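This is the structure I want to talk about, given as structure tokens.
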């Protein structure tokens, strides 16, 4: 058994809205191992981001609230540690990158300052070494003329450059875990590849665990060691890249893979999963995927499936395998 | 949602409105050149106000009952704004029928000067002719003057009721004028754009920078303080905010599909302005109108407070002025009109806030 | 940023300010001359006891001040003198307008400055606190009081303060004492009631804007980023949120200046008998002493225009996104 550096157990994050309780994350379990990159995949609104935000307790409250569960980082439960301890971990032990670099950077401070502030904060460095480190980070993520550009403001950068700055800031204190929440979604396709390259490099160069969140199974391939497939706030399937791509078990994973445009395939039609993304308010009693599932059975509508181990690394939550 | 309104507002109604204006204008001309005094100047204001209120307020509300109910439901969720509305309705009722029931607010009676309100007793030194000495006498409040009297023995209740009428007249009528001018300026500026927009907006800028209150004081001082004049001046100077708001609203509407569509169908400028732009900015206009009434009421009160109010009518500012001079002998004279003024302004602010939230589709109530 | 752009913008704005000032002078001048009373009549009223022939005096006065010339010539002369720094002669106080203003401006200045400091600091503090504690009792209380603050007529508030603290409790004088040295505690104490009178409405307004601006920015993504970096809440709010929220608040504060200079301060000076420019121009209006009125209006307008310009320039430092070209 591998050692999990971060362990998420029975996490429940609900949003209390006017129209009802949204169960965005509903009893989710998974772990991240040292040095691996784990991809969390699922459609928009399946609770990926809520899961990621829950790890660092960044859920906006109200309306969101972490109801139950445990997030074990080393020997601590992040959901129960003090605010002070949590702030020491945020950015230092676990860093995070967000979807939209445009709005995630503060428009009125220079990018240098926004990278440097957590270096000063966590590593307690003096002015000069802070600046040197900032400079080094910016060069590392591929920002040309970094020494001059440190003094520029976010609006003076392009979208891809901004995301590089976000990455530089996240890496600044040498975190053990990097959570990247759809870091390429807001970018152009060509820029997207460049950012993904940075992640591939990071994976090779650093002893760092990456939790990479995306809705696009296609971007996962070069990055992921293991994949967690989420659907409707619950986990559908967990496995290595090979497990998921070569031997998908869950009908939803099948659907996702079928949706990928395949150059070698004869058909030139893009497939899609029929049906709507489920409402997470009052989800059905049984398997949440059952209304859309092509292989739905009687039991699927009555009982929530348990997670079944199909092979060493491969878990699936589906009645077909129980 | 508002497109339904646009179908029902406009068209014939604008013709009727323009017709009413023409008739009113004719009567004014008749009044000036042929017959003497068909109506007091105030009367014309009222007719004008009623015409606008019915054609652009009551009728569209009635025609779109469902929409009206929806907005009312949303406004109602602000408890304070309902409270504000209740107070305003009460005040309007008092201003309309109150003067028939109260005493003459201008009747001076020095025997009953500085009588405190019911429930209060004050000590007053009175010169006694017989003993040739000052006597300290207790004066209790009486039910004849429930809110007391001022230093000339005038009944404060009657004065306050008269003041309510003045404040509401100025507040409503001057705002109406200002909003009308502002709306027209804004819509025209946005619709025609180009140099028309440039000229109108530069003019608005200058008006905005111009010291409004000093201008008011000048004009009133020079041309004499009459209520009609005060209303006109406030109305003619206070339209800048509305013009800007309406312009920006109309600018965003101008490029919307239904305006484009009707232009491509060959609708004339006037038709687009009257049938599409104006009805669709109405909701913002109603909000800004409600929110600018307090400022207008305060401006009038400030004017009469510094002695530039219409001397022929009793207004709250005027009572306040008198009250300031007799603070040490009769505190209630300064307190009472101020409370009413404050509550009125508060009521309009609450109501305006509620309406704004009700009309704002983004606000979740 | 290109310096040329900013300089060009400032020059453009200065020209614009000059045009507006010119417009204000013109309109004021015309309005005052249209009035039914000639300034000479007032002068005459002051002098009548000492002279035999009123008509002669009128003629003499009018000749002396150029009032017998046609309006456009008077206007031209006035503008030329204005440009030369000769701001005219005050009929009612018998001294040059510039001297009058020199002795009185400081009273208005201290009142407005202190009120703005009072209103801005308290308003910001309450507004930001109320936003941080949204939906708590503190927030509701602050919102309620800010509604009261913006609705309370400031001249009435002034009278009530005098009634309670001066007449009833006797803590303060009912009138501002001009004999006090400017930088003394006694002077500060004398200004407490006027500052509250003028500042309360402003404060309430600023509170509302500060609250909504803070709330707007607290929902932004960069706040979440700042929290994810592990910054303490003090830095997240005090640096990241506040620095963004302050921008619209500064605009509001500067925008409200015009109303304060020309409305609030004017009435406050009258109520408390502070001999500032507001009260001077108030007296001058009733005395038909138009050079005083025109000059004070002009000064007020210029102050407002220049502060607006200054705000725009400060803005380029505070908000790197702003460019003027």
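We just call them A, B and C in the order they show up, numbering each chain from 1.
The working rule: a residue touches a chain if its C-beta (ideal position, glycine included) is under 8 Å from a C-beta of that chain, and two chains touch if they have at least 3 such contacts.
Bear in mind that the values here come from a model prediction, so they are computed numbers and not experimental data.
Novice: If you walk touching chains, what's the least steps from chain A to chain B?
Specialist: The distance in steps between these two chains is 2.
Novice: Relative to chain B, which chain has the most distant C-alpha mean position?
Specialist: If we average the C-alpha coordinates per chain, A ends up farthest from chain B.
Novice: Averaged over CA atoms, how far is the centre of chain A from the centre of chain C? Could you give it in whole Å?
Specialist: Here the centre of chain C sits 54 Å away from the centre of chain A.
Novice: Distance between chain B and chain C based on Cα centroids, please, to the nearest Å.
Specialist: 25
Novice: Which stretch or stretches of chain B touch chain C in the complex?
Specialist: Where chain B meets chain C, its residues are 80, 205-206, 208-215, 217-219, 221-223, 294, 298, 301-302, 305-306, 320, 323-324, 327-328, 331, 334-335, 337-338, 341-342, 345-346, 349-350.
Novice: Which residues of chain C touch chain B in the complex?
Specialist: The touching residues are 20, 23-24, 27-28, 31-32, 34-36, 147-148, 150-153, 155-156, 159-160, 162-163, 167, 174, 258-259, 261-263, 266-267, 270-271, 281-282, 285-286, 293, 297, 300-301, 304-305.
Novice: Where on chain A does chain C make contact in their complex?
Specialist: Chain A reaches chain C through residues 53, 56, 58, 60, 62, 87-92, 95-96, 98, 100, 103-110, 117-118, 121-122, 153, 155, 166, 169.
Novice: Residue numbers of chain C touching chain A in their complex, please.
Specialist: By the definition above, chain C touches chain A via 135, 219-222, 224-232, 235, 240, 243-244, 247, 318-321.
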